[in-house]
Every structure is written in structure tokens, then in C-alpha cells.
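Next come two complexes built around chain A: one with chain B, the other with chain C.
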Partner chain A sequence: MFRNQYDNDASTWSPQGCIFQVDYASEAVKQGTAVVGLKSKSHVVLAAVKRSPNELASYMKKIIRIDDHMGIAVAGLTSDARVLSNYLRTEAMRSKMVYGRALPVGRAVNAIGDKAQINTQEYGRRPYGVGLLVIGHDDTGPHLYEFSPSGVVSEYYGYSIGARSQSARTNLERHFEQFADMSLKELIVQGLRALRDTMPQGKQLDSMNTSIGFVGADAKMTILDGDDTQPYLDLLDEGDAAMDTE
Partner chain B sequence: MDPVTLELPHTLQRPGHAVAQEPMTRPAGPIVTGTSVVAFKYRDGIIMAADCLASYGSLARFRSENRLFKVNETTLLGAAGDMGDFQYMKHKLEDVMTHEYDMDDGQRLGTKSVYKCLSNIMYGRRTAINPLWNAYVVGGVDGGERVLGYVDLYGTTYTADAVATGFGKQIAIPMLRRRVEGRADEISEEEAVAILDDCMRVLFYRDCRALNKLRRAKVTAQGVEISEPYSLETNWTYAESIVGYGA
Partner chain C sequence: MTSIGTGYDLSVSTYSPDGRVFQVEYAQKAVDNSGTAIGLRVKDGVVLAVEKIKHSRLLVPGSNKRIMTAGRHIGVAAAGWMSDTRHLVKRARDEAHHYHSVYKADIPAKIIAERMGMYVQAYTLYSSVRPFGVSTILACVDTDGPQLYMVEPSGQFTGYRGCAAGKGKQAAKTEIEKLKLEELTVRDAVKEAARIIYAAHDEAKDKLFELELSWICAESGMLHAHVPADVLAEAIQHAERSLDEDDDDDDEMEDEDL
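On to the complex of A and B.
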């Protein structure tokens, strides 16, 4: 019934030093489709592949707006992500009401990190089965964070989580030094390029399955879906054509 | 039927804790009070003044109180009304600023945020029918912008180029209307000090709860600066000719 005697709950250590329930939750993140995040000096961008459960169903939402200055992309259990996004929205609203200030992104993501950590310490709980990329812009500029079920929170210039995300990370590692000075448009196309590397054989990014999110000093949190993503997908193709002619 | 009272063993009774239930009471007014705060915008920032007196009714009880408080590097708070409630508010704001410092993430609470937070506390307390008996003036420079706001025990808030509390509203505001409003950008620090001293002098002449020992403070891009107590030149020869109730 159990894989071993140390994975019954999220508060028991194995002699090897793992909490198996946390490891399993991290596996759940890898079941979700990939999401990519990257930032320049002025903007942060998210790019995500949406999955449709079957032919008749719509595509599942991957990017959620938290506030005018903040948004998240989801990989893993969408229902857990909705719990976390509701919490983030409440906190963002509280910050606006009490201090008249947009919630600092780092504090927001540390707050959900603490919630996830509590799940790994108290008896009778389970970890969140979702990983998030959190983007936002505050007084200290643009930010990209990863939230994981273990409660670990890290900040990045570019990162990717979800199925086959290693391919996207490899792409980002190759190009991240150029991100800082890119325009928003270039940054989005660069994000899509990394995202494309996560697509399985025979599947392509198209305007139905691609979702784009961005925020910056001069741009409120925006989510592009459907036909709105087409111009950027076209730029992606044009970029390839340009490379072929070289 | 008589109300049932439970009598605790005397060892469990706290001093002053009556056995019989007394009606709940709310503060009916301030006890130890400070009078006017006057502040206005000038070219380099904002300038503010308050005297050093904390009165006990009409008695000039404490004569070296500081009613100007530096909240953070960019924010100044001036208080009129109950000095006990002012001390409570100082501690509360210190807690807020300490928490912000502890976050250690490079974020800072600007003057606007401090003002909003203070306003929420004041309005929350009046809504609980347990007001903090004060009128506060908040001044500062927030992202290069001058901010000057007022909040009182009813939770009333407004921002303006010139703000004063209590008797200062009657005496100083008409003077500041003429000399400050609409030309805040032209006023040098020297002129600002002259205008402020004139306001405080007239207030000392006419306000029976004022003291000729006051502090002045300014907030500029360089930060908050609160002066040591000083006195103003006064001239009471006018008084010779005043008969009856004056005017």
C-alpha cells in the first residue's frame, strides 16, 4: 500500500533525510504543463502551455492575475493554485487598504512559502501539489520568484517549472545574459522560444494553447490568450526564418 | 430579581476590580493635552511647529514635552490633544516601522503609507466608539513629492498646502491662506521660518493653553530635522490698550 514506512504523512523524516510526501508533491508539479518566466530591467514575462482535458473541453487557465502589479503561473494541481491565489489576492487587497501600497512581491511569495512550510511540519496536513512562478513589479523593480510545495522560495532572472521544463531552463541558461536589456516584445518572444523546447514530439505552440502574461513599471499585469498571442507566435516563426537565411 | 453576583475569594480579586458589575465607560475627553500644531509646504519640503506644553486642564502641567515625532527618515508627525494617546500612537508607529525594518527587503513605508495607516487606526478607534483623542498632522517627502495631511479623533482626513489643528485652525490658517497657499513653491526656508514664527507668536498671544517655548521641524529630501526648543520675541505693549474682552 505504501512505498515505504516513512511516507505516511508529511511530518515524518526518512532515515535518508527526505520527507517523502514533499518529494511526491514536487512530482505533482512535474505533471503540469510547463511555464516559463523571465525578466528584463523593466519587465517580467510569463509564458505557459495550456492543456485541454479532452477535445470538447476548454483549455485550463495557467496564468492568474493577483493585482495590477502581480500575477502567477501554475504547474500542478490547479485547485491548490486557486487556494493560494485567493490568499494572495486577499493579502494584496489588505496591503492596499491598510498602507495604500502595492504588496511587495517578495513578501507575498514568502507569505505563501510560509503556508507551504507549515504543511510540512504539522501533523495531519498535506503539502500543496502545485508550483508557481510569481511575477510582479514593485518599488524595487521587476521580480520573478519560484514557489514550490516544500516551502522553498527563490528569485530568478529566468526559470521554468512543469513537464519537460529542463529543456526550457537549458534554453534560458544559454541566453539569460541578454535578458536585462531586452524590450518587452523581445522578452515575450524569448520566453516563447524557451517554452517551445518543452513541447512533446508532434505538438506545436499555437494561439489556442499558449498563454502570455507580463507586468512592468509602465504596464499593469496583463494576460494574453487566444488571438492576442498570435502576433508573438508569428514573431517566433519570423525569428526562425531569419536564422535559416543566415 | 436581583442580579446574581459571584464573589471571588479575596485572593483572586484584582485591586480596583469591583465585585458588582459596573457600567462600561468610555473616555469622555482628553486629560493631559497639547494645543495647536501648525504646518505648511514650502520650496524644499514641509515645515511644522508645536509648543512644548502639556496642560492638565488649564494648569500648565508639563513644560518641556516634545509633540513632534520623527516616524521614519522621511516622515514627521505632530500631535495635538491627549498626550497619553499620543504616546500610545508613537509606540504603535514604532512597531510598524520596526516590523518594516525586520523584513530587510529594501522596501520602505513612505509618508503616504504612514498617513494612510495612521488614518485607519484613528477611524477604526472612532468606529469602535473608543477614539484616540488627538488631531495629528503628518508631513513628509514621498518619492520627491511633498505630502501634508491631517487626521483627527473622528477619522476626518484631508491634505492641503497648509494644515493646523485646534485653535491653530482659527488663528494660523487665515494667515497661511494669505501667505502660503498657491505659492508654496516660491517660499524659501528663511521665509517659511518667518511665516511659521509669526503664526506661533499670534497663537501664543491669543491661545491661553500655549507656551512661548516651542520646537520647529522640517522634512526635506535630506530627511527630518527637529529643532531644540526656542522662544519668540513678544511685545505686550498692545495689551495696555485692550479693554474688556479685547478686539
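On to the complex of A and C.
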């Protein structure tokens, strides 16, 4: 009813027990193009749709490498994503320098979760307007986390955020029980399949607008763009053709 | 009964004409919207249980814990915003650590509860911050034995034998009041806590949920720990069986009416 009275800053609760500024920040995440993440017993994969402001411009970066064992995909305000990824990179480096070991993924995401929570509690600050899917591999295996502007961090077998991501989530929910035993190649194709469900009518995934990232027990954090994504997109088409002929 | 606080509810540094601080009451609403958390203090230990409502089947079971440890002998279960909970637990850890570095002893329950209460209360004094949207249930064993405290968004903290917060707190409190807590052992309490969480859970509204259970007792070396897998499984079985029995009782009564 009196929505506009309670939505001016992050230090005001609404009568229903929500903080509207945090909810609005989550809307910014929904404006970003979709990203998908999923994990098997040994690897974690990210797949993202890139947008380009116009034909002459390059496509924006959706997947960012944090360290050899960790990477993130972003949806929302890219500049906020830069701030968080710089912070993560510094923490990852510090872990190596101080403790001589790679930063455990769970700790990394909790650190940015705590950072984001402060922005939801003090006057004069705004919540981060970006959602992240954080992937990493450490001593406890492969991990996929979602970070949201509220500071809440959750661990998933597979997830998707960004525009029209519900379709991807539905696809992932239908198949997630098979992810554990998939090979890296199958996992990437499965991710692309879920990602494709977020594309609007008439648009396709192609080597220009697709970005793939993965990390695993035997694979350092790797990002594929452009022509490097073509083999996987081809496998995606082959899979469809096979299904059609059955 | 809710009265609209129009005009007096925009800032935590404003009283309403009838002496209420509405921003704190709204923070309490955030707690009331979350999954139920309960604590039981019994003869030989303390048990914490949380109804972890899951919004997706894709969530990894056993992750995204809502019961945290703040000092080896202190467990914290929370109802409300998880990100605020993490902030509070971080503070509790700092307090416990600092106390230990000064006094070379584990921080007693009533002192950590007071420190937490004061910290939470500080966020209800200034318009530049907002109150925490969390009720934390602290389980602690110190030289006075097992203890249980709950800290609410207003900063109020009270010692309890049994307490509940969150959506199902009314149903949970009714069940807890029926128990003879001074006579139960931790093993019994674990089963009762599971049963109460399952009973307070609203199947219609939130289909997916996971039970999280932790204890401080002799079996855990008087340290706070999540219960071992076999104890958890036994507790869940007991809870599910009680739910079925309640359903059977309802069926029997219908037959008698015929």
C-alpha cells in the first residue's frame, strides 16, 4: 500500500518484514542476461549468454576467472561485479600468500555474502546490484554457489539467474539427478541446453553470444569464447538432431 | 492486532505516540516469515533444531546450514534473515575469542547472551542502520551446566528451558510446553525436537524442507556439533512415525462416528 514510503533506503523495514531496496536490487539481477551453472562429481561448468550494446561493439564479459580453481558468472550491474571480483581475487591471492593454499570456495562466497550484508543494513549505502554464480574446486570437491544482493549464499547442484532464468531452472530440475556421473563434455552440453531455454523467440546461441567456463579436479579454471565454443554448440545441435530422428 | 504506524514507522529512531518502535516490530515480522527454529534445554545437554525450508530441489542437501557454531561450546540456531545471522555469529565469535584472550576461560552463557543482546539493541538506536531481522537461539554449556537463551530483534534476551521462533512458533511452543524438559535426556530431546519441527511444518505452504539438528552433550564432548548421521536418521524416523500416527488417530475417530 505505502510501498514508496519504505523503499527509499536499505535501512528501512517495510510493515511486511521486507527491505524493498534489497528486493529492487534483485530486480537488477533479473535484467542481466541468463547464466547457468551445474556440477558433476568432478567438474563444475558455467554457460552464459553475452549481450552486445550494438553491432559495432564487442560482447560484454560474463565469466570472470578468480584463480586457477575458481571462477564466477555475473548477471546484473557489471561494475558491481567488477568490485566483487577484484575483492575475490585479492582474497584468493592473500590465501596463497598467507596460508600457502588455495582459498576454499565456501569461505570465498561467505566473505562476499558478509560484505553484501553490510550494504543492506547501513544508511547511505545501496545493495550490490549483481547476482553471481560462483564455481570452484577445492579439497572438498567441486562446488557451485549462488550469491544474491541480499547477501544470502546457497549451494546448488545446478542453478540459473538472469533474464528468463526460470526456464533454465526448470530444465535443470528435470535432469539434475544425472549430473553427477556426466563427463565434462556432457556437462557443458547439458548446460547449453538449459541456457538455450532462456533465449527469446527467434534468437539462437552462437559462438558470438555464448561463453563457457569450467573448472575441475584435473582442469584449471578455463573460459571459452568465440570459436572455442563452436564444438560444444555443434554437439548441442547433434543432440537435437539425434532426438528428432528417434 | 496490527495498527498501521503511518508516519512513525520510517525510522528506528522514532517512537509512535503509544510508545512503540515500529521498525523493530517490522524486523520481527521478517523473523515470523522464516522457517521454525527451536531449542530445548534438558537434563544433560541442549538441543537445537531448525526447519530449513528449501525453495528448490537443486539445493545440495546438508549445505546452507542454519545452525552455526560461535565458540566451541556455543551453538546458534536462527530464524530470520541468514545474511543477518552470519553478521551476528561473526560478532559472537569475536566476543567469545576476546573474552578468552582476556580471561583465559570459555565465555559463560549469560555473558555471551548479554553481549549479543546489547549488540542487537545498538542497531535499534540509530536511524542510519536498521534492526537485525533475526531471532537467534543460543545453546551453551558452561560451568553452570547446559543453558539456552533467545535474542530477539529488539535486543531483548531471555533464558529459556524451551523456546521457538519463526513461522510455526505457536504450534512448536504448544508442543514444547507439554514436555517435561527437566526429566528428558539429550537422546530423547533430539527425537522430540525432530517431532516438533515436523509437526509445526506446514505441508501445504512449503513442500520441500530439511531438518537440521545439533546438540551439546557428553556424546559430543560438551562441544557444539551437528548430530551424527545415525542419530539424525533415527530422529527423522521417529518424527515421521508420529505424524503417521496422528493421521491414523484422525481416521479412527471418523470410523467411530459412523
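Things worth noting here:
Assume the second predicted complex is superposed on the first by the 243 of 246 C-alpha atoms of A that agree within 3 Å, B and C clash if a C-alpha of one lies under 4 Å from a C-alpha of the other, contacts with A are read in each partner's own complex, and residues count from 1 in each chain.
Following the convention adopted for this analysis, a contact is a pair of C-beta atoms (placed from the backbone, for glycine too) under 8 Å apart; a residue touches a chain by one contact, two chains touch by 3 or more.
All values derive from a computational prediction rather than experimental measurement.
After superposition on chain A, the partners chain B and chain C are accommodated together without colliding.
Legend: residue contacts after superposition of the two complexes on their common chain; A:G202 is shown touching neither chain B nor chain C.
After overlaying the two complexes on the shared chain, residue contacts for A:D114 are found with chain C alone; chain B is out of touch.
In the overlay built on the shared chain, the residue A:D139 is in contact with chain B alone; chain C does not reach it. Of the two partner chains placed around the shared chain by superposition, chain B is the only one that A:Y99 touches, whereas chain C remains out of contact.
The superposed model places chain B and chain C at 70 degrees from each other around the C-alpha centre of chain A, with the value given to the nearest 10. Touch counts on chain A: comparing chain C and chain B, the chain ahead is C.
Using the contact criterion defined above for the overlaid structures, shared-chain residue A:P53 touches neither chain B nor chain C, since it reaches no partner. After superposing the two complexes on chain A, the closest approach between C-alpha atoms of chain B and chain C comes to 6 Å.
Of all residues in chain C, those touching chain A in their complex are 2, 4-6, 9-12, 22-23, 26-33, 56-60, 63-64, 81-84, 86-87, 90, 123, 127-133. Within the complex, the chain B residues that touch chain A are 103, 105-110, 112-113, 116-117, 120. Those residues of chain A whose C-beta lies close enough to touch chain B in the complex are 97-101, 104, 106-107, 138-140.
The touching residues of chain A, when paired with chain C in their complex, are 2, 5-6, 10-19, 110, 113-114, 116-118, 120-124, 150-159, 169, 172-173, 176.
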